[in-house]
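Listed after this line are the structures, all set down as structure tokens.
The two complexes that follow have chain A in common; it is paired with chain B in the first and with chain C in the second.
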Partner chain A sequence: MRALWGAMTPRGKVLLAVLVVALLAAPLAVNRYLLSVLTLTLYFVYVGQAWNLMMGYAGQLSLGHALYVGLGGYVAAALWVHFGIGPWLGVFPAVAVAAAFGAAIGWLGFRFGIEGVYFALLTIAFAEFTRIGFDHIAFTGGAGGLFLPYEEKRLGEWWNLRGGQDFFYYLAFALASGGVVIAALLSRARLGFQWLAIREDEIAARALGIDVFRAKMKAVLISSGMTAIGGVFYAFYNNSLFPAQVFDIGRSIELILAPIVGGLGTIFGPVIGALILTPLGEILIAATERLGIDAPGVKAVFYGLLLMIIISLVPNGVWPWIVRRFALVKHKP
Partner chain B sequence: MWSIYLNVVLQGVLTGLVYGLMALGLSVIFGVVRVVNFAHGEFAVIAMYAAFILFKAFGLDPLIAAAPIALAFFAVGFVLQMALINSFVSRPEHEQFILLVGLAIVITNALLMIFGPDAQPTNLPYAFDSYLVGPLIIDKVRVYAATAAVVVSAALFAFFRHTRTGAAIRACADNLVGAAVVGLNVKRLYALTFGLGLACVGAAGASMVTIADATPSLGPAYTLLAFTIVIIGGLGSMSGALVGGVLIGVSEALAGFIIAPSMKSMFSFALLIAVLVLRPQGLMGKKRT
Partner chain C sequence: MTPLLSVVDISKRFRGLVAVDKVSFTLAEGEIFAVIGPNGAGKTTLFNMIAGMLAPDEGTITFRGRQIDGMPADAVCRLGIGRTFQIVRPFPALSVEDNVTVGALLHRSDVGAARSYARDVLARLDLFDKRDVAASALTLPDRKRLEVARALATDPKLLLLDEVMAGLVPTETDRMVEILRGLNRDMGVTILLIEHVMRAVMALAGQVLVLHHGAAIAQAPPQNVVRDPKVIESYLGAEAAF
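Moving on, here comes the complex of A and B:
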């Protein structure tokens, strides 16, 4: 951490401090709606970080991360609804189940040399398979969805993740900061450098004596486990889970937009990406509503166009460009 | 009793051939251009809507409309490859993927804005006609659609085997550097290939309208379906796409009949996972190096 802090220019340090203070003070200044947008933004920062570890650092393209969000959410929610086990305890089995799925996918993929596009398709296949499966599991409500009861008397029980908008905002802030710190630590750790080596040239990495299979497995395990925690948050924040919604491939894509737009394999890429995309999406919805256009696809069309433009013009994302333009880091990012 | 199963299987084979034609387009594009068209199913849905509109406005039979639609799609594919995708050919896989996913999102949601989420039934006059062959009851529309699929596929096979351009495209796929060295215009051939791939989707989409109702959400589903088929058959293998299509068609029909219609695609994905693990190059694919 210290090395990263030291690498920043004074201007970079000031901006980071301003951002943190502004986010911490936000609930005092903004209304409920804006706070919900910010909460959503921070959630996408967090899951974006989790995905970025796997793709941005280790170079393994997963297009099925909604699987881990869904599994995490469903496990914790089912434990709460059926057995009254609170989410702080429920998060452990949630992470375990998601990581087990991640391990299965990773093992199949890496052991049998399924790479690139094929690996991405394997992750999609697993997510779709699970989506349809959950449609038929009566224990979690099937296609009709799983609902977390809203009880007035439980509202203050933060230890059961039953709180108001402020509470969930700070929880999302804690998750997002945690995600950034984990990414920062890993990027400077031995494992992080192994991932970079594998991403750049797997054969060369192997020649250097890196246990490629092990390093990739660690990437999947950490990424899926982290994503599952995001899923627990998602479930208790939204109070409802539908297989067609949480496991949908659209969710997987939504989740990877922020790191791609921000910059793959960078620590602040997912942060910047989410800070740009989520509010932009909300503004767009508000603007079209104001104009009286009732078209459900507007936001998505805009996202799609934005993706195409960004990947054509700045394929490395916005963050590396900002870093260079405004000299936020002393050397290279 | 067995005749019911035979009916279900036959129905699966016929639907599967149309699936196969759609997947063939994907396979041809990947086999030559080495770009995975993640917007494949979305293009199929555009073709479905085009056929639907032509039928409603002019009473044009979708299977006849398939020809002009395929032609238009060829042009779209050619332009798309020339204007956009050629510059992505040598870029990393994930960048190509993001470009095409972006395109897919735009298509699906633009369709959603224009046509709304409801399924649009085409209601052909002969939609419920069927042939009776012994104990078998065969839907007329499926026979027609499958025949169209086979004809288009055969034409494509013949094109690649017997024409100079076809041979040139195969040369690009086999040895890109060699093809460029002997003076082939690789970018133009890529554009031709992408056009041909989209023409397959156009024809398949138009035929599909006779079997399924057009709705925007079919796009991602068909993309996944096409992927499943080509991976099972072997990405880049033309015959593999048809074999994979029939296999998926039959497995969907059987699973839908024996277990539950809503679980039918679960078996396709299970089949996909099994193939990826046991034979990653696909049933008919060449071993990847």
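Moving on, here comes the complex of A and C:
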């Protein structure tokens, strides 16, 4: 952690401190709606970090991360609904189940040399058949969905993840901060270097003694497990889960946009990406409504256009551009 | 004394084409050994078998008493064989220092220690001043040196160098010869090199193995090899004038 802090220029440190303080104080200053947007933003920071470890650092493209969100959410929610097991305990089996699916995908892909877009197809396939499977599992409500009971009198039970908007906001803040710290530590550890080497040139990585299969498996296990924790948050925040919604490929794409726009393989890329994209989506909804052009798909068209503009202006991501433009990180690490 | 590396009757065929044909040689610890031969003679195939990128069809390779033929490349590296690639394979987006740090992390789990060792290695290879440059921005001679630095950072007992002099001008070649001799002398690294640049081979190697159509046609000290009529006919040709 000290290495990360030390790598920043005074200006970078001040900006980070301001951001943290502003986020901590946000519930005092903004209304419920804005707080819900910020909560969503922080959630996307977190899952973006998890995905970025696998793609941005280890170079393995997953287009099925909604699978881990859904599995994490469903496992913890089902344990709570059916057995009264709270999410702080339920998160462990949730992570284990998601990591087991991650391990299966990783093993198939990495052992049999399924690479690049073909690996991405494999991840989509797993998410899709899991979605179809959950449509038929009566235990979790099938296609009709799984609902978490919402009772006013239990709102204060933070130990059961029952709480109001403020509570979930700070929970999302803790998740996002934890995600940043984990990404920072991993990227500066031996494993992080191994991932970068694999991303850049797998054959050269192997020639330097790196067990490529093992390092990739670690990436998919850590990434899927982390994402599952996000899924537990998602389930208890929204109080409902539908297979067609949580496992949808649209969800998988949604959660990779922040790290791509923010900057792949950077620690603050997913942060800046989510800070731009999630509010942008909300602003577009409000703007199209106000202008009276809220026909279906209008928001998506504008969102897509803005995405294209951002990506064409800063193809390597917004964060690397900011770092260069405003000198937030010292030239030498 | 048991040799550091012994290669016994190894062969490799690609769809009927014999790339390496029953080649044998041994390497003592501390030696500098060169493999020469015309293009397509099987030199790189031979290297790739020793480095674990290809499994030989026949024969055995023993390194420090352990049979390594057919072992995966990363396991071979962990046993103490570092290699460079003829067509360089830097990690383009990483800085020069990070490239070498990846190598240094093989036997060091602490990133700080690996980084400082990487700097020592970079200094040896005249790359210290360029340590913060992205590898993709290096010139070819620098990339060749980076390739050596990265392999060297894995603390190899044996370094396999695949045409690290190719494309260098004579003064750069002389500097590289000096660097390699230093590694061999100061760090005790045994060196096996494939080389076309006879100027470097003559200056460095204690023994030279000549491959032609996959078969070993001569093995001798360099000054004898260049006088061998078979070698002159098959390979050196006009070059033998010097």
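Basically, the second predicted complex is superposed on the first by the 323 of 333 C-alpha atoms of A that agree within 3 Å, B and C clash if a C-alpha of one lies under 4 Å from a C-alpha of the other, contacts with A are read in each partner's own complex, and residues count from 1 in each chain.
Note that a contact is a pair of C-beta atoms (placed from the backbone, for glycine too) under 8 Å apart; a residue touches a chain by one contact, two chains touch by 3 or more.
These figures come from a predicted structure and were not determined experimentally.
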Return first, second, both or neither, reflecting whether A:Met55 touches chain B, chain C, both chains, or no partner chain. first
First (chain B), second (chain C), both or neither: which does A:Val21 touch? neither
Looking at the overlay, what does A:Ala286 touch: chain B (first), chain C (second), both, or neither? neither
For the three-chain arrangement built by superposition, which of chain B and chain C touches the greater number of chain A residues? B
Looking at the overlay, does A:Val301 come into contact with chain B only (first), chain C only (second), both, or neither? first
A:Asp211 in the overlay: touching chain B, chain C, both, or neither? Say first, second, both or neither. second
Quick check on the superposed pair: does A:Arg188 touch chain B, chain C, both, or neither? Answer first, second, both or neither. second
May I ask you to decide whether A:Ala327 touches chain B, chain C, both, or neither, giving the answer as first, second, both or neither? neither
Please output the residues of chain A touching chain B within their complex, sorted ascending. 55, 61, 108, 112-114, 116-118, 120-122, 124-126, 128-129, 132-133, 135-136, 143, 249-250, 253, 260, 264, 295-298, 300-301, 303-308, 311-312, 315
In the complex of these two chains, what residues of chain B are touching chain A? 36, 84, 87, 91, 93-95, 97-99, 101-106, 108-113, 117, 216, 220, 224, 227-228, 231, 235, 260, 262-263, 265-266, 269-270, 272-273, 276-277, 280
Note which residues of chain A are touching chain C in the complex, please. 188-190, 193-194, 196-197, 200-201, 203-212, 331-332
Name, in rising order, each residue of chain C that touches chain A in their complex. 51, 53, 72-74, 77-78, 82-83, 85, 89-94, 98, 101-103, 105-106, 109, 111, 114, 132, 150-151, 154
